[in-house]
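Quick heads-up: structures coming right below.
Here chain A shows up in two complexes: once beside chain B, once beside chain C.
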Partner chain A sequence: MDEQPPRRPGELSFAARRRLFLVGAAGLGALLLWGLFGLPDYRDVVPLYGQVINHSAVEERSSTAVVSAVNFDYRGFDTLGEEFILFAAVLVLALLLRRLSEERRDRHEWKARHEHTTSAAVRLTCAALVGPTVLLAVYITAHGHLTPGGGFQGGVIAATALLLVYLGSDYPTMQRLRPLPLVETAKAAGALAFVLLGLAGLIFAGAFLENFLPLGTPGDLVAAGTIPLLSVAVGLEVAGGFVLLLSEFLDQLLVIRRKQEADS
Partner chain B sequence: MSVLPYVVAVWICLVGLYGIVTSRHLLHTIICVSVVQSSTYVLLLAVGYRQGGVAPVFVDIPHTTPAVDPVVQALTLTDVVVGGAVTALLLAIAVQIEKHLHTLDPDELDPLRD
Partner chain C sequence: MIAVQLAALLVVAVGAWATVMARDPVRQAIVVSLYGLALGLLFFAFQAPDVALSNIVIGAVALPTMLMLAIAKTKR
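Let's look at the complex of A and B:
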């Protein structure tokens, strides 16, 4: 047992806290299981809504990946909310990790930390993987309405390409490859494009996010109306958001220093 | 065993909660929060499962083939995205706590400290 911090008056001891939790957890677990066992047997029953969508999505929306059809069409409005949750989270993260008044950006620290610390094998592998990673991201985003995938998955993969660049080279190279104003613009443009496509549905088809474009043949790359367009919009927003998020954390690690520490 | 996924989901949830309650480091706490959340993925996917069902992707099979529920899978995707956002925000808060209070032990965080 490691050392305990001094207790304040009235505070539970570690062991007592654990005992209290075990009692509560036993109760919570029993209640959860009791409730879940009352559900119909999941092996035989597919909720009607899912069954209807499975049977009609291919004919109605020309989308062979039904999960994407749900996300970007049937439940498109929820996805709008989901996209803006991510949007707001990245904004708040940038606010939380901003450079504080007692901090400054140290432009020389990264040199000491990162020169000659990565082996040539790692650098070569990373450089070789960046291109395929970006290609995979584009593929996953563009084929969201055909096979499993879509903007959320593709966007995150695209952002990991930036981490590969950082791992395989150094901070300044990564900085050159992610001009932050452009990344922020891409993120905002993705969010805006989603809303505009929704409004276009309102104008041309009578309902917000209604699929107003020609549906084409199921299985074609250009098919399913607005579903691939919404997927690309989400991909842009997610890629921009995650690049921003990773950049903020890397900045905290590498270049943001307290003023007095950096001066001394 | 038709109840096994439910038992697994409840177990993951309780294990995560145990981790949060006994946590001595905020990064550990944050990871435990995402463990608790991952129990909901298991639960959602179990609810949408169907015996013998295929994945709801009808590229080269007729769309009348029995398939699992696509709606809960879409909900799981939402769940994952929200989980990522929550984890990122918590990590950012942990970075600032470490900067200002020079500790990541939740027991040493006193709400009344300046």
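Let's look at the complex of A and C:
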């Protein structure tokens, strides 16, 4: 075990803190068990809201993926909120990981770090996986209203393709494939498109995020009104957000240095 | 189906325990990646494929990557 740090006056001893924790944990455990024994068996009871949605989603929205119908239509407003939580989080991350005035960009060090660490097998595997990963991301996003998945899942998968590019090649190659102004634009355009589609619902159908497009036939790729469009909007925003997030972390690791550190 | 669900619950329990027991942050990042994958299987076994897809990418790829990049940056 680690050495105990010296105790400041007025601070609880380790034994007292452990006693406090054990009392608290016992109380929490008892409450949790009490709550767990009161839960309905999830297989027997589908809540009323679930029954209604399962019954009416395909007919009302032409979406065979009921979860997507909920996310992008019945509760589309919640998704708008979630999207802007992610937007704000990535924004703050970019702010925190920016290059400070006492830091500089090192353009040489990534070479030494990379060339000795990546085997040919890793490079080949990553290069082979980039295409299928992007294809999967597009598929998951475009089929959001048909099968499980949607813009969020597709967007994150798309961003991992960039990680594969970095692992399979080097920093400059990755840099060329993620022009940051374009990435930031895609992220903002996705968020904007979601709001505009919502406003279009307000104008053409009478309520914010109300569907205003023809519903088509359930099961078709172009169907379910605004659901696939909102899914693509979320996909753009999430892909842009996560590419930006990974880029900021990689930049911090590979090229941002304190000014007094020597070039290597 | 029950057998698959029980197996998934067991794998998640073992994964959570392993994540807590791994004391070295780098090892912990790798173990948490496997744990994220196990959680994805759990969600899938309990008929939540949408959440499973999200968790497989976020829990098994994005989170460990961010952790490892942050560890690599701060260890210099």
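We take it that the second predicted complex is superposed on the first by the 239 of 264 C-alpha atoms of A that agree within 3 Å, B and C clash if a C-alpha of one lies under 4 Å from a C-alpha of the other, contacts with A are read in each partner's own complex, and residues count from 1 in each chain.
To be clear about the criterion, a contact is a pair of C-beta atoms (placed from the backbone, for glycine too) under 8 Å apart; a residue touches a chain by one contact, two chains touch by 3 or more.
Everything numeric in this text was worked out from a predicted model, so none of it was measured.
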Which partner chains sit in contact with A:L245 here, chain B, chain C, both or neither? Use first/second/both/neither.
both
Look at A:H55 in the shared chain and tell me whether it touches chain B only, chain C only, both, or neither; answer first, second, both or neither.
first
State whether A:I140 touches chain B only (first), chain C only (second), both chains, or neither.
second
State whether A:V67 touches chain B only (first), chain C only (second), both chains, or neither.
both
Is A:R75 touching anything from chain B or chain C once the two structures are fitted on A? First, second, both or neither.
first
Let me test your reading of the model: by the given contact rule, A:L197 touches which partner, first (chain B), second (chain C), both or neither?
neither
Is A:I157 contacted by the first partner chain B, the second partner chain C, both or neither?
second
Mind working out whether A:P148 is in touch with chain B, chain C, both or neither, as first, second, both or neither?
both
What's your read, chain B or chain C touching more residues of chain A?
B
Classify the contacts of A:V183 with the two partner chains as first (chain B alone), second (chain C alone), both, or neither.
neither
So chain A touches chain B in one structure and chain C in the other; where do those two contact lists coincide?
42, 65, 67, 148, 152, 245, 249, 252
Residue positions on chain A within touch of chain C in the complex are 42, 65, 67-68, 140, 148-150, 152-153, 156-157, 159-160, 163, 242, 245-246, 249-250, 252-253
Given the complex with chain A, which residues does chain C contribute to the contact?
46, 49-50, 52-54, 57-58, 61-62, 65-66, 69-70, 72-73
The chain B residues in contact with chain A across the complex are 2-3, 5-7, 9-11, 13-14, 17-18, 21-22, 24, 43, 46-51, 53, 55-59, 63-64, 66-74, 77-78, 80-82, 84-86, 88-89, 91-93, 95-96, 105, 107-108, 110
Would you pull the chain A residues touching chain B in the complex into a rising list?
2, 5, 8, 14, 17-18, 21, 25, 28-29, 32-33, 36-37, 39, 41-47, 49-51, 53-55, 57-59, 64-67, 69-71, 75, 78-79, 82, 85-86, 89-90, 92-93, 96-97, 146-148, 152, 218-219, 245, 248-249, 252
